[in-house]
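Here's the structure, in structure tokens; my notes come after.
The first chain written gets the first letter, and so on, giving A, B, C and D; residue counts start at 1 in each chain.
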Amino acid sequence: MLPVTNPDPTFALTRASHVTMSVTNLERSRDFYRDVVGLVVTEESDHAVYLRGLEEAAHHSLVLERADRAHARRIGLRVRTADDVVAAERFCKAANLQFERLERPHQGPTLQFRDPVGTLVELTSEMDVVPRKMQDYHEYRSGAPQRIDHYQVVTYDVQTATDFWAGLGMRMSEYTAKDDTDELWGTWLECKGNTHDLVFTNGKGPRLHHFAFAVPDATSLIHAADVAGALGFGDEIDRGPGRHGISNALFLYLRDPDQHRVELFNTHYQFMDLETPPIRWDVTDPRRAQLWGMPASRRWFFEASEFPGEEVQEPTLHATPATLEDYLGIH
Amino acid sequence: MLPVTNPDPTFALTRASHVTMSVTNLERSRDFYRDVVGLVVTEESDHAVYLRGLEEAAHHSLVLERADRAHARRIGLRVRTADDVVAAERFCKAANLQFERLERPHQGPTLQFRDPVGTLVELTSEMDVVPRKMQDYHEYRSGAPQRIDHYQVVTYDVQTATDFWAGLGMRMSEYTAKDDTDELWGTWLECKGNTHDLVFTNGKGPRLHHFAFAVPDATSLIHAADVAGALGFGDEIDRGPGRHGISNALFLYLRDPDQHRVELFNTHYQFMDLETPPIRWDVTDPRRAQLWGMPASRRWFFEASEFPGEEVQEPTLHATPATLEDYLGIH
Amino acid sequence: MLPVTNPDPTFALTRASHVTMSVTNLERSRDFYRDVVGLVVTEESDHAVYLRGLEEAAHHSLVLERADRAHARRIGLRVRTADDVVAAERFCKAANLQFERLERPHQGPTLQFRDPVGTLVELTSEMDVVPRKMQDYHEYRSGAPQRIDHYQVVTYDVQTATDFWAGLGMRMSEYTAKDDTDELWGTWLECKGNTHDLVFTNGKGPRLHHFAFAVPDATSLIHAADVAGALGFGDEIDRGPGRHGISNALFLYLRDPDQHRVELFNTHYQFMDLETPPIRWDVTDPRRAQLWGMPASRRWFFEASEFPGEEVQEPTLHATPATLEDYLGIH
Amino acid sequence: MLPVTNPDPTFALTRASHVTMSVTNLERSRDFYRDVVGLVVTEESDHAVYLRGLEEAAHHSLVLERADRAHARRIGLRVRTADDVVAAERFCKAANLQFERLERPHQGPTLQFRDPVGTLVELTSEMDVVPRKMQDYHEYRSGAPQRIDHYQVVTYDVQTATDFWAGLGMRMSEYTAKDDTDELWGTWLECKGNTHDLVFTNGKGPRLHHFAFAVPDATSLIHAADVAGALGFGDEIDRGPGRHGISNALFLYLRDPDQHRVELFNTHYQFMDLETPPIRWDVTDPRRAQLWGMPASRRWFFEASEFPGEEVQEPTLHATPATLEDYLGIH
């Protein structure tokens, strides 16, 4: 069933903005994101490293926290104003969700909650401003990632997740469904004006499949692969380069030292005008997954980062194993 | 004086969307925009040709109209809903501007008006939907422009223009000013979440300096220059390739057969968070104009397309000729 | 055992130059090489289509011939002068090989022979000159292949093949060997001054694994993949994009409608100075095959085009199946 | 008059290989070539810095020597064997030129001589072998120059210079001439199999106009310009980016701290087959100089590095000042 977007025009989610991952070896993970991915280190301590993309003026878009076990701690989004944080709080209360107001270093008013499918989320309206580095071209490394772009979450109930986020103002740009139904298998949701800020796909969840940074072009993406190869991470590419049919993204997926997955990607399209309908893909259409590209690895399909304190559940939509392999394009 | 943005949060300008140019040889101009620039022809008649970028689902982003004299007919922007067109109409009335509601082919409710500095503008909330062509890679030509991005207008009064558009909800991302004052010499205004949808620069106006299409990457931009060279338009590059300090755009400017100017460009950055202040450049700082690049031609500085029925006026801010050349970086 | 190059300095092989393939549907194959690969059609008849890369001044670098069965007809190389054709003839006679002098349309004096491992080869010293198209940028399609570059032949006896071609003046730039021996498993041989014109790898042979065209850059290579996807050939990529350790090539392999394989590639390095030793890779080193990249398909490893009238033989070097998979990096 | 190439097929010039420049501030120049251009430092002392391109296995392709005055010390080329050095020595003697055999660090047998138009040249057959760095992708900087490519020398007598080098085995790929004559104004000479290793153009000479390094693609070239801009060398681009008609090179010219000029460029084409005639351009054809590109600066046309101990002479071919500007495309 297709979701209905944003009952409250005065509430404004604006973009995916910051993700927090716990890691078991902080130095190794920092080196990975700085040297192999190309992010900029804003600040570091014994306990945490804050990183950002080259063009970002916000203090952090990736936070690594030292821990005994690797987890996806939470995904963060921005709202326009402090009033929007208050409105989101009301929304969570009405929806009977767990939530709390928090103080986070370098952030303005912050609300943390679990969405109805267990995704741990944080909203804030403000962050410390730091210098944009995009014109420091001599400091570009590897893929030269410019900014955080989106998250993909594996969930046991795509419909419920989608309805919730549409209620918070996200709009669906593309989706996968089965046969002639509108049974949702995957949904691409956006608030920043292009194809996606948040993606839900059907599977055991909640788990964070990946977070993504935008790189300038195909050449940067290939250079990131070359640098990964040169630094001994060539085997940690678990999919790509290839071109998704959905969203038209040129993609490269890398696994970090804790096997968290980061996507480097390029070229999604503008999605702003209200008269433009979402694009529907049948879940059996292989071009959905890729216009071209070698088959993804099994681990790309089946591995993802768990959120702490949340039981992973079996999906409500089931495929027979044979069909599944078929859907996945695993050969 | 810095402008104050958007007193009315319920009114939503969303993006630069369509520009109409009158041309003296319709076929020649169509060939130029299709073959040299790489736009897609959506529809054509004896009187007009409608074109769009490869990823655009909206019917047109460039309209060429046959005429005896070449003009910039009007620049077009999108608002979110039909209610926003009504709100804009009220705003024009309150501001005592000329305006009219119009029927335009392939567009929803449309409002045309002259802003306080004489720029002819059209707002609409809807357009006919046509297929996005971004995955028809075999049809990519030249620069493979994906979508319209912004306009630059030369105006005799940057402050007045800026205040008006800030009142309509535009936000200033960067600006040029002189010495220690905030006397505005140029303003970069945005509504779509990156550096600019509408730029005003000081000079004889109102005149349309250029409209811009976004190309995928540096390679596309160089390929467009190569195609221009191959098709005999090598001399019609009047600036670039180079890198603007302001907005960090990699740019190439081309003159069409009527000497209208189109920019192909790449890589502006996200500008969404309200805590991020606009970047100030002193008008005497040459890096403002370009981090690198050969000097622009004189015609790039002094030629632009007039709007029909509007007297061009001398600017309110004056520079001595010597200073001017200095500001402009003409050697 | 490492080969000894070129006892006769007055004989000059200069480059890989033209390959002839028989195909079962001439029109379909022409369309593939013109539209999906991006080659230029020089000439066509009912029986044959002659194609070339954009920068080539020689009449043809790929000849497609209509036939009932698809074969690799022969691979062609250039020698500097007509005297070199005569010298090669003497060389073949001395080596007791099958050879014949032929008239070929658009070619100068031509010698055809089978090398000691059964590869069908043709040498010529001259070809009709046609216009280089590299500055017709408006006619660039897909990967914009500039010129033919090299061949890879699967052979049952790499040592014998390598010794023969070293005797004809080829020089080895890189090779694979096993453990501490110099038992040759693969050899990269060159005459044009960079890494390879002719490659031999161990396996059932003689079979032509692929012929390769050089594309300008990574962006062209990705664009070729995109065009292949758009035109329905996305599944005909059987390896890549990825980066070979050997020769440092960025590669993409495509299968044509008869399942002949063409490589688009970029960036091999200059190899001219005599003091530079060949690079040795152990056959068990996975970086040899790729610094990064998803696993190649099984068909990339096991399928290749047979030469007409030549029995395919089992290789002299054997690997156990398990080891083989290991060598191949098939997961 | 067109030159006749290579009377002695056993003598083999192979490529442009190493250039020595004297500089007034060794550290500053090293920083420029390492950080702005992207070369690798092989070795340095108080007196000299040795650099090379990323893919080069030869010890040095650029030598900077500390001196009181900036000069082009000499341009270096490679010959295949030590016998070729001996043959070159005989050739110089026969031609009645100044020459001497020298010991140079890290080089094999070395011959230095002045060609008939005063160009200081050094030939060697061997150099110390160092590791190729092309697969150390994490160390790529700026333009990621891969290898030295060619030299351009301004000479007072293009015909004499060309005849001499043709006699040493260079072949002319392209040339400029005036009207219907074959009066040579500029000649592009090669020995490595593509368009040029050594270029002579008409003017006050002998002076070294520039030496050139090959970069991987257009993106690298733009990135080099961006890095130059970021490091304060944006004004030291004295021409480009643009596309030469001659040789089809995409070019960017930079001035080093002593105003020596280095070109970063891409995409010349293969030139090997003897039947291919050189391309003739009329000196009045502006496409000769560039298919597209902003006008070169005056200093690009009139400034170049002098060789020590050699008087600069007026050219034998004269153009009236007006014509000259016209030829040069200075607007």
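The definition used in the following text is that a residue touches a chain if its C-beta (ideal position, glycine included) is under 8 Å from a C-beta of that chain, and two chains touch if they have at least 3 such contacts.
In this text, all values refer to a predicted model and were calculated from it rather than measured experimentally.
Chemist: Not counting chain A, which chains belong to the same connected group?
Modeler: Once chain A drops out of the picture, we keep one piece.
Chemist: Among the chains, which is located farthest from chain C on the basis of C-alpha centroids?
Modeler: Measuring from the centre of chain C, the most distant chain centre belongs to B.
Chemist: Tell me the angle, as a multiple of 5 degrees, of the rotation that maps chain B onto chain D over the C-alpha atoms.
Modeler: An angle of 180 degrees brings one copy onto the other.
Chemist: Distance from the CA centroid of chain A to that of chain C, rounded to the nearest Å?
Modeler: 42
Chemist: Rounded to a whole Å, what is the gap between the Cα centroids of chain A and chain D?
Modeler: Each chain reduced to its C-alpha mean, chain A and chain D end up 49 Å apart.
Chemist: Mind pulling the residue numbers of chain D that touch at least two other chains?
Modeler: In chain D, residues 135, 217-219, 226, 229-230, 291 touch at least two other chains, as defined above.
Chemist: Taking the touch rule as given, give the residues of chain A at its contact with chain D in the complex, in rising order.
Modeler: 35, 135-138, 140-142, 217, 219, 223, 226-227, 229-231
Chemist: What residues of chain B sit close enough to touch chain A in their complex?
Modeler: Counting only chain B, the residues touching chain A are 9-10, 14-15, 55-58, 78, 80-81, 108, 125-127, 129, 132, 134-135, 146-147, 192-193, 216-219, 245, 248, 267, 269-270, 272-277, 291.
Chemist: Write out the stretch or stretches of chain D touching chain B in their complex.
Modeler: 217-219, 222, 225-226, 228-230, 234-235, 237, 239-241, 243, 250, 287, 290-297, 331
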